[in-house]
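Okay, handing you the structure first.
Letters A, B and C name the chains as they come in the text, with residue numbers starting at 1 for each one.
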Amino acid sequence: MGLEVRDLIVTYRTPGGAIRAVDSVSFDVAQGERLGLVGESGSGKTTTALALMQMLRAPGRCENGTAVIDGTDLLALPPAQMRGHRLRTISYIPQGAMNSLNPVHTVERQMRSVLLDHGVASPRAELHRRCIAVLAGVGLAADVLRRYPHELSGGMKQRVCVAIGMLLGPKIIIADEPTSALDVISQRLVMETLGREQQRNNAALVLIGHDIGLMAQFVHRLAVMYAGRLVEIGTIREVLTRPRHPYTRALIASIPRLRDRGMLGGIPGVTPSLRQLPPGCAFHHRCAARFERCLHDKPLLDADPGGHHAACHLRDAA
Amino acid sequence: MSASASAAAAAPAVPASVAPRAGARGVLRALRRNPSFMVGLTLIALLIAFAVIGRFFAGWNDAFPLSAPPSMPPDGDWIFGTDADGRDLFAVIVYGTLLTLKIGVIAGCLGLGIGTTLAFVAAYHGGWLDAVMRITVDVLLTIPTLLVLVVIASVIHRSVNTTTIGIIIALLAWREPARQIRSQVLVLREAQYVKLAILNGASSLRIIFLEMMPNLLPFLGANLVVAISQAVLASIGLEALGLGAPSEPTLGQTIYWMMNESAFMLGMWWWIIEPIVILIILFVGLFLLTTGLDEIANPRLRRMEA
Amino acid sequence: MHLVWIVARRLLMLIAVVWVASTLNFFVPRLAPGNPIEDKMLAQVEYGGSSVDVRALVKAYNARFGLDKPLLSQYLAYMHDILHFDLGYSITDYPTRVTTIILHALPWTIGLLFTTTLLAFLLGTLLGALSVWRGAPRVFTACVPLLMVMSAVPFYLFGLILIYIFATVLQWLPLGGGMGIRDNPSLSVAFAFEILRHSILPGASILLASIGVWTLSMRGMMATVQGEDYMTYAEALGLTVKRRFLQYGLRTAILPQITLLALSLGYVLSGSILVELVFGYPGIGQQLFRAIQNQDYFVIYGIVLALICALAIAMLVVDLINPLLDPRIRHESRRA
């Protein structure tokens, strides 16, 4: 079971024409599994997450695709039902928790609002106990409930967000760069908490980010996005040790290593504008291994029996 | 009026465009894509054209009592009608528009000039001088303009004319520009190209006039229009309270006469409607002009509206 | 601790405002050419009528503020009176005290001004918030340009138009005044209705012209707030639209709006003085107009000073609402 995303297409209608921000993206995440989603800014990671929650803002629109969990297609739900599924089915841990909490309400009031709006009509004391329980789960004391967001540190705020995310025992957790604004110690704490809570709920987790080092320690499988498309997906070991797409290889090469402290291997060139994607493979102008076919033929994710897929012509040519 | 002014006053100081100068052509292009500005400009231009051209058809003396038969509704001879004292209302409206604008422009320009000078002095000198000015302006801004003007005008109003009214209003009209421009200067001083000019050893005057002024222009423009609008508002308030120049037929004075000579009881609609319509055109025009200039001065607002 | 500091600073500001206003009242007539106050009093004495009483006023005035006294002692005597809420006597209605005149007119002004300002603030704020809220009916956005244009027109010009339409042409509502000429104040429903009937037009003119001010500014604040991370997160949490609009959007966007309310009170006050004048509404504005017509300087200065003080106090009160609503201001020192 778990989440099955198929052929997700998101377009933005602009005066200059429609832009495909997410193009035919498909992936599965099983219950209890952690999938990493990496790529440069603008590659469509966050847009994918927002699309799964039906939270795209105009002019963004989900053109096609299904996202099935337990027989329910999240993308086909009417808005009123979708609201009930947010947090209960699909829980979002925000990027930049610095400003994600309501600045004028206490933590307890915000947690209580969430429970009330999801129809948890228990007495106040019961709600209070429940809030204390989830906070304890993320290692925060009960007195955090009385505090306002500005009285908490960045790491505490992010853990409060994790706690809120677990209030209803979600089936899917989407964590969007949950540690991007934190110091290293807090990062570690938040990731540990997130992992523990995910296991406790046996939830499917999608971790969005661009830190491959972090991914290597945390996720089971890794998906790489480039210019709105999935270019490679496989188990973390497979992808890191035997990357098949040149872009993935370049990404891995750009991780700084202690052993050979030379120049950082950045990726030459810039991400193409989604407004005018080159024909063929979107990566070809930055790819050292390109050949004739890459210039006009768009590669599709191949069907590898071992579950390690890549969208590159190289293997076909080989 | 005040609507725009108070809104501008309260909005958190939006940093001005610290981007490199767009150049005159860029400004012109921005203006054309700015409906508020264009409509406002058209209204004000039409009003001025009406008054300037109208002067050829109306004698100055016709704007005074007994120049025409009293209380005539508009007809072929007196196209705007006449009031209860026998003024030709066409002449009154034509000269009234010019005189009211004169008060606004005198007070607006003086206010902006004094305010800008103080703003630069305070922002450049900094320290205690800046603190003193900031506090003074804050305290003075708490006191409503009209009330202070009432106190001043009540003791000298027998000898008052439109020029003195303009000067009296200017005594308070510098507060808002001083406050707004001071914060803009502080922002601009941090801009890269200004810092570069300072490092290059440019003199303060050179920096102020060659580097900062071009960027402040839309902002000064908006402040000038607000100041003019507020001055007109204040002058009409004074005149309605009976503190205007009784010997000059401004629009506010016309409203004062109309109210105190029972135009409503007599049902003289033309006497009521005409000055009101002109004033509404004037205020709405100035307001739209301010909104338009604000959009140019603060690109952030522009994006927000989109 | 921080709250105490805010209150202290605002109180100092209040004292400064009152001092500036009263000093202005003292020096302006003394710097003017001639001596307008004494001229007026002498004219009143010659005028006859209650001349005996006015002579007593002139004598008392000269004893305290006569030209033979040094300016400083005049100023100190004046400040002493101000601090004891003694604003002197009316010159034209001699035995009447200025404070009495003000206290009689004040309820009318406060009643009209408080109600309409509050109503305009609430309506305008709500309308402004709805006009940019994603998913709100388009009607709210459609009325923004009209309200914007109306906000540019001074209150009393609206008043004049309303009088002409509803009192002169349609004759549905009275031309002016606070109550009918033959009405006697009483605690009856009919009298209350009469008061209400007389305040509809003045109230409406203030309301119509000021709603747009609040709509426009709230529109800007709400647009900014909707871009905040916590609004996106609230949606991701599956909170109801009602809660996101009221407790997240409106609740945070209203904070700068309240600062604007404090800053705009002066404008609202000046505007409604003129509205009272236009409608002959028996409040402070009407008294000010009468005093100006009669050159009753003590009444003019008294009213101006009282209004400036009232305004400064009102601003202080409104400014203190913000720390109450915003925990970030309230706790600033604790964080530091």
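The definition used in the following text is that a residue touches a chain if its C-beta (ideal position, glycine included) is under 8 Å from a C-beta of that chain, and two chains touch if they have at least 3 such contacts.
These figures come from a predicted structure and were not determined experimentally.
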How would one label the connectivity among the chains shown: line, ring, star, complete, or other?
line
Compared with chain B, which chain's mean CA position is the farthest off?
A
Pair of chains with maximal C-beta contact number:
B-C
Chain A and chain B have mean C-alpha positions lying a whole-number Å distance apart equal to 54
Roughly how many whole angstrom separate the Cα centroids of chain B and chain C?
22
Two or more other chains in contact with one residue: find those residues in chain B.
none
If you look only at chain C, which of its residues touch chain A in the complex?
134, 228-230, 232-240, 243, 247-248, 251-252, 255, 325-328, 331, 334-335
Give the list of chain B residues in touch with chain C in this complex.
1-4, 6-7, 9-12, 135, 138-148, 150-152, 154-156, 159, 233, 236-237, 240-243, 255, 259, 264-265, 267, 269, 272-273, 276, 279-280, 283-284, 286-288, 291, 301, 304
Of chain A, residues touching chain C in the complex:
53, 55, 57, 83-88, 92, 94, 96, 98-105, 113-114, 117-118, 148, 150-151, 161, 164
Given the complex with chain B, which residues does chain C contribute to the contact?
13, 16-17, 20-21, 24-25, 28-29, 32-33, 36, 148-149, 151-154, 156-157, 160-161, 163-164, 167-168, 175, 212-213, 216-217, 220, 223-224, 256, 259-260, 263-264, 266-267, 269-271, 273-274, 277-278, 288-289, 292-293, 295, 297, 300-301, 304, 307-308, 311-312, 315
